[in-house]
Each structure stands twice: as structure tokens, then as C-alpha cells.
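Per-chain numbering from 1; labels A, B, C and D assigned in written order.
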Amino acid sequence: MMALESQAPHWEWYYIALYFFIGGVSAGAYFIGSLIELLGYEKHREVSKAAYRIAFPLICITPVLLIADLGRPERFWHLFFSNGPGSIYTNHTSPLSVGTWALLVYSGMSFLSFLNVQVEDGRLALPALKKVHEMFSRLPHKVYAAIGSFFGFFVAGYTGVLLNTTARPLWAGTDPWIGALFIVSAASTGAAAIALVMARRQALAPDTARSLQTFEQPVMIAELAIIVVMLAVAGRYAVPLLTGLSGVLFLGGAVLLGLLVPLGRQFMARAGTAERDGGVIITSAFILAGSAFLRIALVQAGQS
Amino acid sequence: MKVTRRQFLKFTSGAIGAAAAADLARPAKADGAGGAQKAPIKSGKQVPTLCPYCSVGCAQIAMVDEKGKIIDIQGNPDSPINEGTLCPKGAATWQFVNNDQRWTRVKYRAPGSDHWEEKPLDWAMQRIAELTKQTRDANFNEFQGMPDGKGGTVKKRVMNTYALASLGGATMDNEWNYAHQKLFHALGVVYLENQARI
Amino acid sequence: MIMGSNMAECHPVAFRWPLKAKTDHGAVLMHVDPRFTRTSAMCDLHVPIRAATDITFLGGLISYVIHSKRWNTDPFFKEYVVNYTNAATLVNPDFKDTEDLNGLFSGLSEDGKAYSPATWTYQRHPAPAPPVTEPKTFTDMLLQRVPGRPKADPSLKDPHCVFQILKRHYQRYTPEMVEKVCGCPKEKFVKVAETLLNNSGRDKTSNIVYAVGWTQHTVGVQIIRCAGLLQELLGNIGRPGGGILALRGHATIQGSTDIATLYHSLPGYLNMPDARKNHDTFKDFILTESVPLMTSYWGNYPKFAVSYFKAQWGGAATKENDYGYDYHPKITGDHSHLPMFVDMMNGRIKGFFVMGQNPAVGGQNARYQRKALAKLDWMVVRDYFETETAAFWRNSPEVKEGEVKPADIKTEVFFLPAAMVSEMEGSFTNTQRLIQQHEKAADPPDDARSDIWFTYQLGKSLKKMYSTSSHDRDWPIKNLFWDYEPDASEVATFRIKDEPSAYKLLKEINGYTWDDKKPLPTFANLKEDGSTVCGAWIYTGVIPEEGVNKARSRKADEWISPGWGFSWPANRHIMYNRASADLQGRPWSEKKKLVYWDPKKEVKTPDGKVTRGSWVAPSGEGIDFLPTKAPSFRGKDNGIAFDWLSGNDPFIMRPDGKAWLFAPAGLVDGPLPTHYEPYESPVANPLYKQQSNPVAKTWKVPGNPYHKVADPDFPIIVSTYRLTEHHLSGVMTRWLPWLAELMPELFCEISPELAAEKGIKNAEYMTIETARGKVQARAMVTRRMRPFTVDGKTVHEIGLPWHWGWQGRAQSDVVNNLSVLVADPNVTIHEGKVFTCNVRAGKRGGAA
Amino acid sequence: MNAKGMFVDTSICTGCKACQVACKEWNGLSGEPSHFAKKAGYPYRVANNFSGRSYDNTQNLSATDWRHVRFIEQFNADRSEARWLFASDSCKHCNNAGCLNACPVQAIVRTDLGNVFVKQEVCIGCKYCIPACPYGVISFDQRTGTVHKCTLCNDRIHNGLGTACAKACPTGSIAFGDVPDLKMRADARLVQLKKLGYEKANIYGYDEAGGLNVFYLFLDKPEVYGQPEKPVVPQDRLHISSGVTVAAAIAVAVGAAIAFRERGEKKDKP
């Protein structure tokens, strides 16, 4: 079983949990966007575009968070070249090492996708960026969408595997479910973020809204299911997640506000048509906030 | 199997099987160096000394760098008493010597004052000698009446002073104890004590 | 058996060896102690006894042993006891035992304050005719005064023989009585007794280890004697693996006793001239001191004494001026630590040197001692940190609470920074009497100086100031023999050039001939005619020749390691080791062979003749006997020293050559150890009407109140003690973060039973209170502490380690604010191991 | 070359903590900053870490406490069972080391002598190795921004010396040497103790975490000494959690394909 005396890493929630959250949203959104592009659902091209516009700026924030939490931020490059510049290094038994590389690749892909969207909408003004876009324009969009989508999922999921792959009672006790939980959570928040952005710009077509909801609902139900399984597996090791401030965040924030309330709202709205823009914004905000709470609670409870 | 003390020493201080130098920073022997990584290690002149704490008499080795600073103090493995081992106090001797709170200057508190002042060593030594002389001269007894056992008193030569007292010495060298009792007996001091009575 | 010591905690490295004996050789370790300590944890058996009932326990062992089948059937014990102890010696028929006088011996003065030992003496044969008629020397004078040999009954049947007296004295110390007084189950007691019995004899020896758990009592000396008695009866003295081992506290506490900075003693255990005794002239001094001892090696007392005075005043000490004896101070009373502070409080002491000691924390009734410091005109503190003693005027509890204002304290205080051990050259004597040298590794920083630097420079200044004086009373300073200037080579590599020569000091301690300054190889070379100088005769041999310092010798071997350091006297590690052989000089057994008589060995005498037969020790151990004296040698009745002692008298420092089961002289509180309750006890003495030591020293002065016997306000026993992680008053440890974090705060060990009764919770604060003061401590509620049932009554005991003060990186209340000035009558050691108190939950509040 | 390691015979540990201090002395480690606090009127920080847990005040291993002596009091109400156990704990230098497996920058390495240590000049302070250790050994130091733990005195052992703690240990409870030799000694001691009636005595560390180069002889179950009965090296589970995560990702992908396809087709075919 778990170690009796493992130590907490003392990761700051505002760096690490937020990174987990923002990375998840970005990856989830990118994944949806790229999937639509890969499957050729032209009708949902706007969804794709919104996804790419969300994915890249968000992922730009993450290295800042990650590096800020390092004890020696100036050495972040050791992650790639620990044996000195030029000598590439990866540790395949370390989710952190592999995840960092995935994040790098994913960032690149999401950048290219972002450029495409900007060019398509004629918004790319900077000549340098234009040049970059031209360089990669020979490459079919679907290639990097595919690569990006693969690594996007990696980014969304490895953080959970990373937590599972420790000796902390909560994180190890919930093994192997945090990865899966983070994947589904990333998917729902990705969709929610897309919906939120499109609704705010009043660009959310009712059908699109319905598609997003159709995607979100089973994902959120799956998320609930995974949470139940995870808690059952963890047994007494789940206590820190269910008590104290972490308990409030987890049960009240993640489960109630982040999952039950949005599901309920969507369910009630289904009586008529899809939610209207205002409703979508609120529901999506709940989903996003709930996902943030989920990660904060897991990161904090695992360290208590 | 009869384990001799030397063998026992080897068990505990560093080497079973492949014999290794038990001392602080002797260069590695051939079997220790074969294929081993080069690792820098502190080194310097080794001076035999003793643990300042309890009465067991553990031998220590102080390592001194080229600037004459003590950089390490550890047990002396040659000692039949401690064979290189130490207790937590003995192991902490280095921090005792190199302590940021150690006072290394003379401090003086004038009568009635509420603070210390720093003073030169020579000044303090001179002042202490003067006070010692003054106090002795003002309170010296060449003779004193002692009970004669019959209810009366008899004058006896005592050559002492009760105005000076000295306390301490069980953590201080034999040589000091000797010199100190010698000087203080010459001064006539009888309140002369140390921790041996505690 | 470890008793009165927490060896694993207080002497952890020494404990290496008993533990090794246990794991490698199957030795049985037993710990008799009120608390379950780290020592108990490592022993095969822990026997809890109520604090200060050691004599009952040991007396019980004595009684058990002499009534046991093994002791009465194995001829080894009789042979040893009849010949090597004074068991057979007949005592004055007027002697009355505690059994006769309900806890008192005969000879107590009318005021009940002191004993006269007149009735404790031996019966003797008539004195022999003296060999000299006209005394020319002190030795001649002694030869005129040789007493008759003591009478003895080797069958041990005479009712006045020591053995019968002893048997009667301890007859009521039964296992049942031990259980009743000590509160320990009698089965455990019997187990200890059987283990000791079964592990003593011809091929086995048992050893008893003690420390201040025995000394810090009003009966401290008698507890240790009681263990000595037991070991003598078991034949465990003078033999390898036997003995009683004192574990002392400080690095050279042995050295500072040998070369005493103690009021009553001159170096080498000569007595201090004392105006209360007949010490009026040098001759009086010599005769008073050496006559009672002259039939032992102390018959050489005159040589030791003359050489000491010659060392004091060198060329100015002549036969004509009695080697300056008249200029040496005399004591007039007890000037030891506790009365020193009483007299300081009274204003008698004006100037005070305190060096490497911290009475503001370590002194009994520390509050009293701190207040006494404020009465001084001036004080010199030499230490490493701003100790509580140095800072008493600034931030002591009295000052912080506003009871005393710094402005009202007129004491002029000097703090002089001291050098560390590794920053100076010198020697320490460890608890085994082993002298070892530490060498100077580096200069001390800034104005820090060695201790000998301070004393030497102070002496030089004073000599200079007094150089013009013509007062007779200044003669001892003016003529003080004071030259320890270093050779250039000794200071060549160091910054400090006026560091005195430690070598020259040790050479003077060792002794040398006055004329040609050649070091003396042994104390047999000392003379009483002023031709030799010797600071401390017992150390002679440490510098056997110029330039050779045996304290620096560092050759160890598998056993005794005679090549490591120098064990005084004359590199003898096991004292009285003649007793390791039987009457004929043969080893008691092959396994326990140490020193034995080899009749074939050829020895050259100093006059060139060759004789056959010698004592030998293949291990290299020094032989604590005259090497050529055959076991069959019969001592000269009219001789002194070695001449008087016979070939089967191993105890050469005793005037009858025997180990003393009964002490006819030398003790002020009785010839046999007797159970007395401590001065403060929650119970009445279950054994005698006499409650506590009748001659214990007390100081009934303001600020030093005592508790009553069974005082209802103070029903709990408290013991103070040390931990591994700190040293004494903490000066050498509390400023070190590495040690401070190991034991950060004062705690009180308390049983769950008492804690529950008082509502005290683990790790929370509690207050301990006596009539002297209050301290707060964190509670450590643990079953390692236990209540005792004494005579049907439950007695609680708590424990307080006393290392802390208000300075340093680990701070707490001063435990000695609780303790009291009361002491053993023989040596004035305080009773810190047991007094009474009360406890309650919560912080102290109010005055400390 | 044989791996070097330590055999900790807790049956002869006296709980003196010399190993803790000797470690700090040789490795130049300060007092643990969290054990000290500022106090008015004093120019230095004063220790405040009294725990009330027997004689254990340092409580755990940390970046400045590479050794830690545990104190376990086993007494029943009438004290007929009375035992006080001591055990000196440190990094075990696992052959399957969670910290080393987790390190993303190769700051944690194993040398030719089998010891695992942190290259201070490489560590970035990501702290991921901290929860990856099943023994709670490795720890972060704010002052250096890196993690620290016992190095098995890397400098000493590569210069032919034993570890500082083993050298200081007054009773030989900590023995340093070649692992196979130490195992022989441990086995012999276990036999001796069993004969003396210590039925629960056991050796901990032959199989755990791929074998520990620093292993123990305990007189009671490992849990009593705060050691996991069956420690799991986190990375041993990596393939399972990765698999489940990938499965979840595929499920989500399929879900998305279905969710968006439905709507898309409905619109495309009026």
C-alpha cells in the first residue's frame, strides 16, 4: 500500500493546480477543434476556429506558471537539455519529463493552428508571423491538427498520471483514475470554454450549442462516475479530499457547482431548446470553475 | 568467532570486506579508486585533539585548511576509547568552535550599567589584576582566631583571603588547573572550587 | 549492573563497550533506576526503584550474597574476602551499630551534628619497637610512630570482626524489605542478586557502573561505598572486568580533582592545610596527615608534600623556611561551592572568577545563587557565549520580572572570551584516569585566549605589581615560581606568541630534579629533602624524560592499550590489580589473568644484583604493587609504606593493605552505609527511627527553605538529570543549532497516572513548584515513569532534565530554581537527584 | 564493483542521535530552519520544535535532516511489557528509486557504488521527486531552490571512507560496507536475535523497492518503525494509469465524433 511517511512537494496551488486547469481547458478545446477539422465537419468550422483561438493563448500562460513554481526557474531549460545545451534528454519513467515534451510539441501545433485561423480571417498583420505561416503552409493543416490533438490529450491527461505516479496517499490511492478524470474534465471544460467564447460573441448557433451540450453531458456524467470509482478505490486515503477546505472545494465546488448544477441547468433547458447565450455563459462558467476547483482540491488535499 | 576490537572497528567505521581507510580524508586505496567516480572531498592538516564534553575522553581529529581554519572535527579511529565514534555532542564540536554567536571580544559591564561595552583585552587584564590586588590587600588575613576545642580561641596563621573566589575548571586543562591552583594558593584564595563537586 | 547512571544517554560512547559485551559475549546488562531511560531500553533487565533507596537495594544485595549457597560454598569468595578485605579484622568492642541505636552509630556528638570515630577503630597488637631512635627526617619521625598490626579472626566468627558486624548491620535488608522501601518487585531484586552472584567468582567478574545518580545525595559517599562493599564480597575488585566505575561528567573532571582546584585538596590528593587541624607547622601538617596512613604507600607523604611546596615556590622554598609552608593559605571551614554562595550572599566575597561554569543555571537553588552574584563587587566570566551567569544582571528572571533592577546591581562584570579545546594545547584526564593530550589545531579567534594564557598572564601582572612589596604576606606572590614562557618552536606557527608552554606546566606537574631539571620517570624518585619538584605526584611518569609526553602517545591495542595516553598512577589501568591473583600469586583463572607472580623471572635490582621472581603483566598493564615483593613476603612490623605491607596486601593505599568493608576512619557519617531517607522525602524512613543522614550539611538561611518530611504541599519526588543531546548547564550545547533542535525545550517526564490525577496533557505546559521557586515545562506523559508503592503508600515521581536557561538557541526555565542547598557531609555534594515538589497543569505565571 | 550500503541494526541503537549530527557536520547542513523562530530580545533564532512525541523532536527527514532517529515507546498499563525502540532512518538508496525515476532533468543519479544522489547543479526544483519517494526521504530547501537528501556520503565513499553517520555511531548500529557483506552480517544477527527470543525480529530491505542498499533489522513490524510493509515504487504503476488515461481519451474522442457528427448530418440533410 501507500507509504506511511511520504512527503508533500509543497506545490503552490496557484501555479500548479491552475496550470493543470488552464492546460486542460486549452487541450480540451484544441482537441475538439482539431477533431472537427480532422473529421471534416465543415459546418462546425466556427467551433474549430473558436477552439484554436482559445487553445493557443491559454497554453502560452502555462509555461509561466510552471517555471514560476520551480525552485530554480533559471534552469528550466534543463528539462530539455539536462546534459548541457544540445544534448536532448527525456526520462520515460517520469510523466513530468514526457509531459514537458508533450507540452512543447502541443504548444507548437496549437500555435500553427492559431496562425491558420488568423490568416483565414485576415487578422494576421505581423510580417514575421506571416513568414512563419508561409513556412508551414505546405504542411496540410490536418497533419499538425492530428499531432496537436494527440499531444493535447497528452497535456490534458499526463498531469493526472503525474499525480497518480507518486507515493502521496491520496494521489497514489486514487490510482489509476486521476488521468482519466483530468481527460474527461479537460474535454468538458474545453467544450464549455468554446461555448462561452462563442456565446459571448453571440456567435453560437443553436445547433452548435446543442452539439456542444450533447458532447458535454455524457462527459460530465462520466466525470461523476470516475469520481465515484476513484473515491471508492481510495477508501480512507480519500479523507483529505472530503474534509476541510479541500472538501468544500471538491464537493461543493467541483461536484456540485461544476457538475451537478450545469447538468441540471442543461437538463432543465432541454425542455425547450438549447440554452440561450446568457444561460450558456453561466453554465459554462460553472463548468470551468468546477474544473478549477477540482484540480485545486486534488492538488491541495494530496499535499495535506 | 572472536571479533577483535580492530575488526569491530572496521565494521562500524567504514569497511567490511574491502578494507578502506578509516580516517578522514586519506586518499582512496586502490580497491576504492578502481572505476570510482572522482568526488571532491574536504581535506587538510589533521591535528589530534579531544572531545570537550564528557569524561569518556573520546579522541578527535581536527582538520585545518591552509588558512589555519578548522574545517572539520571528527572522531579519531585510532583511539581505543571511541574508535572514531562520537555522541551527538562530540559530533557537533565543529559547530561549537565555529559558532556565529560565539563571543570573541572582551565585554565589560560597568557597575549599575544596563549594557555591555566592548573593551581591549589588555585593558581588561590590567583592570582584573588591579582589582585582584586591591581586593586581596584589603581583605587579607595573616592570622585568625580558631576554636581551641576547650571553648576558647587560639590565634592561628591562616594567610588567606575570603574576599576572592574562583569557580570552574573541570572542562579546563590539567595544566590550567595546576597553574590556577598554584597562583590562587599564592594569593591566599580558599574559595577555590570546580564542577567536580557537582 | 548500571545503577545511579544513565550510561547510554550520558556516556554514549562508553556504552559502546557494555553493549558490545552483551552482543558479542553474552554479558547480562541490568539497569536499576527510577526511570525507564535509553539505558534501560538497552539492558536485559530494568529494575525500577524509588529514587534514593539505593543503599537499601545494595544492602539487600549484600545480605542476599552473604547468605547465599554459592557464596558460602565456593572457596573463591572466602579466600578473597578473608585475605584481601578487612572482613576478619576486629573492631573496638565499644562500637555500636545502627541496629543497636536505631539508625545511629556510636560516637555522635551531643548536639547530634558530628560523629567521633573513636569507637570505630580496629583492635590492634602492641606497637613495635621503632627502628630509629633519633629522627632526622620526616620518614624517621614516621618510623617512630608505627602502630601495632590490627587483630584479626580469619574464621570470621568473632562477634567483633567486621564480617559479623556487617552481617548484623544488613540482616533486616531482606528482599521483602527491598520491595517495601524501594517499591520494586522482590522477584526482580532476586534476579539481580542471582545474576551478580552467578557472574562473579574465579572465572567471571561483574562490574557496577555509577554516576551522579549516586553522588548527588546526602548519602552519596555511602551509596558508592555500599557498592564497593558488594564488589569486595563478590571478589570483583582489582580484577579485569570487575570494579565499580564512576562515570564522571566533564572532560577533565578527573584531572581537576587530581590536580584540584577544590578548596580542601592539594594536587595529588594531599590535604589542604587546615587551621582547624593541627597543621600549625610543616611538621605538624606532615605528621597529622601521614601518621594514620603511613603503613600504606602514603608512608611517602612527606616526599609528595615537600615536592609540592618546592614546586610552588621553587628556589625560595628551602628546608630552613619549611619550603614556604607558612606562606600557604589554610582553610578554616567548608569553602566549597554551596557555602561559597551563602558567603557571597552575605557579602564576604567581593571578587569572583567563574570560568567554564554556569552557576546561574547549574547551581542548586539557582535563584539564590544568581542573587548572590549581585552582591559581588566584581566578577570575571571566561566562556564562549553570553552565559546566564555572565548575563545575570541583564535579563535574568529576577530582572525581567522587575524584582531586581540592573541599575541596583553594582557588580562590575568582565566577559573574557575563551579558546576551544582544539584551539589550545593541553591535557585532559578522563573518567578512567587516562591522561590524554589535545594539540592546538588553530589559533583562537580575535581576543579569545586559552585558559592557561589567562592565568599565566594574570600571575605575571600580579607578580610585577607585588615585586616591590616588602610585606611578609606578599611573599607567596613575590616568590611564586612562575615561568612557563614558551619555546619559540611551540608558538612558531601561530599568531598568538605569548601563549604559555603547556609542556612546561605538565613537566612541573610530573616532577623533575631541582638541580638539573630532569623529569622524574616515577614517583619512587621523589625526595623529601627539597631536591625534587613535583606538582602532583600521582601524575609522575607522564613525562618520564625530557621531550617525551606519554599523554601524546597514541598506540592502541586489542585490550588495555598501555600505549595510548598515560593512566595514572604509573600507567596502571586497573587499580589494586595484585588482587587479580590468588594468595600464592597465581591468576584466579586463565580467563581472568591480569597480573601474577612469575617465580622464575630474573630481575636486576638497582644495586646490580639479580633476584628471581617478579610480578608480571603480559598485557603491558602497569603493576599496582612492588614488582619484586613475593606473595609470601611478610611485612616488617616496624616499617612504613611498602616495607609494612605484606605480599598478599593488594590494597596498597590502605593502611592495612585491605579493602575496607568497614571504614574505621575517613568518613564523617558512619563506618557502614545505612539507608536514610533523602533530606526531603514524602515518606518516613521505613528502616530506622533516624529519618535522614544525621550529619548532612544544611544551610538554614533566607532564600533556602526546606520542605518537611512527608510535606503535604510537596508530595511528589523530583529527580533532575541530563540528556544525551545537551551538556550540563547547556553552555556548550544550547547555542548549537544542531543540538538545540534535538532537544529544544525543558520537559517534565511524568507518568500517565499522575498526569491524569492532575489534569496534565502531553506536550502541553505544566508547572512544577517548590518552596524555592516555580518552573514551567512541557509535559512528557510516558509510561517510562511510574508510581511507586512504598510501604503501602503510592508515591509519584517526576523527572526534569536541567540543561536549559534563558539564553541560547534552546531556552526554558532554570530547573535549579527548584532545588535546595543541602549536601553530603563528607564531600559537600548537593542532593540534586531527589527532592520534593508539587505539579499542576498550565504555565507558571508570576515569579519564577 | 559491489554496491556500498548500510546495515542499520536497530536492536543496538541507543537513540543518541549522533548520526543525525555527524551527518550535518560532514555535509555542512544547518539546523532545520522550521525548527527555529525569532524571539524578542535575542539576536538569534530559538528552537521551538518540541513535539511531545517521546524524544523525537526533529520528527522527519528533510532537506537539512538527512537522518532521523525514531523513538517508539511500547509499554502496557502495568509496565510488564516495557520496551523503547530506537531506529535511525535515512535514504535507503533503493535499487528501484522512485525519486530517480521521477526526475525530469537527470539531477538524481546513481553512481557506480549504487548510491543515489542529487546533483545540486542540475536540479531545477520541480519537486516532483518529493512525492515520488515512498519513504518521504527527499525534500526541498527554499534557500537553494533545490531538493536534498542523503548522498550516502558520496564524496567519502568515493574516497575510500565510510559514511559519516556510520563512522560516528557509538554502538555500531549503523554499519557501512559492501552490501553482500552487510547482508551476511544481518543474517547472522537475525539468527542470534531469534535464538534470544525476539520472534518478531525481521530484516527490512532485501526485496523492497528493488532491494534497499540501506537496510534494517527491526525488532517489530516495519509499520511500527514508520516504514511501509510493502512499499510501491510509484512508477511501477505508470503503465496502468497511462493505459486508463489513454482509454479515457479514446472514449472522449469517440464521444466527440458522435456528438458533433449527429448535428452536422442533421443540418447537411434537410
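Keep this in mind: a contact is a pair of C-beta atoms (placed from the backbone, for glycine too) under 8 Å apart; a residue touches a chain by one contact, two chains touch by 3 or more.
Keep in mind that this is a model prediction, so the values were computed, not measured.
**Q** Compare the CA centroid of subunit C with every other chain's and tell me the farthest one.
**A** Of all chains, A has its centre farthest from that of subunit C.
**Q** State the pair with the higher C-beta contact count; candidates are C-D and B-C.
**A** Comparing C-D with B-C, the pair joined by more C-beta contacts is B-C.
**Q** From the mean C-alpha coordinate of subunit A to that of subunit B, what's the distance rounded to whole Å?
**A** Each chain's C-alpha centroid was found; their separation is 66 Å.
**Q** Could you please state the distance in Å, as a whole number, between where the Cα atoms of subunit C are centred and where those of subunit D are centred?
**A** The separation of the two C-alpha centroids amounts to 46 Å.
**Q** On a C-alpha centroid basis, what's the spacing between subunit B and subunit C, in Å?
**A** Between these chains, centre-to-centre, one finds 20 Å.
**Q** Determine the centre-to-centre distance between subunit A and subunit D, using the mean Cα coordinates as centres, and give it in whole Å.
**A** The separation of the two C-alpha centroids amounts to 33 Å.
**Q** Mind pulling the subunit D residues that touch 2 or more other chains?
**A** Counting only residues that touch two or more other chains, subunit D contributes 16-18, 20-21, 25, 44, 170, 172.
**Q** Of all the residues in subunit B, which ones touch at least 2 other chains?
**A** 8, 73, 82, 85-90, 92, 95, 101
**Q** Name the touching chain pairs, please: which are they?
**A** All chain pairs meeting the touch criterion are A-D, B-C, B-D, C-D.
**Q** Name, in rising order, each residue of subunit B that touches subunit D in their complex.
**A** So the residues of subunit B in touch with subunit D come to 8, 11-18, 20-29, 32-42, 72-75, 77, 82, 84-92, 94-95, 100-101.
**Q** Mind pulling up the subunit C residues that touch subunit D in the complex?
**A** 8-9, 12-13, 15-16, 19-20, 23, 36, 38-42, 46, 48, 395, 723-725, 735, 737-745, 747, 762-763, 778-780, 782-784, 786, 808-811
**Q** Which of the residues in subunit D end up touching subunit B in this complex?
**A** Touch list, subunit D to subunit B: 1-2, 16-18, 20-22, 25-26, 43-44, 111-113, 154-156, 158-164, 166-170, 172, 174-178, 180-182, 185.
**Q** Can you check the complex and tell me which residues of subunit A touch subunit D?
**A** Per the touch definition, subunit A meets subunit D at residues 1-11, 31-32, 35-36, 39, 41, 43-44, 47, 69-73, 75-76, 78-79, 82-83, 89, 91, 93-97, 100, 153, 156-158, 160-162, 164-168, 171-172, 175-184, 187, 207-208, 210-212, 214-215, 218-219, 222, 226, 302.
**Q** Inside the complex, what are the residues of subunit D that reach subunit A?
**A** Touching subunit A from subunit D are residues 60-61, 98, 101-107, 122-128, 130-142, 144-147, 223, 226-232, 234-235, 237-238, 240-249, 251-253, 255-257, 259-264, 266-268.
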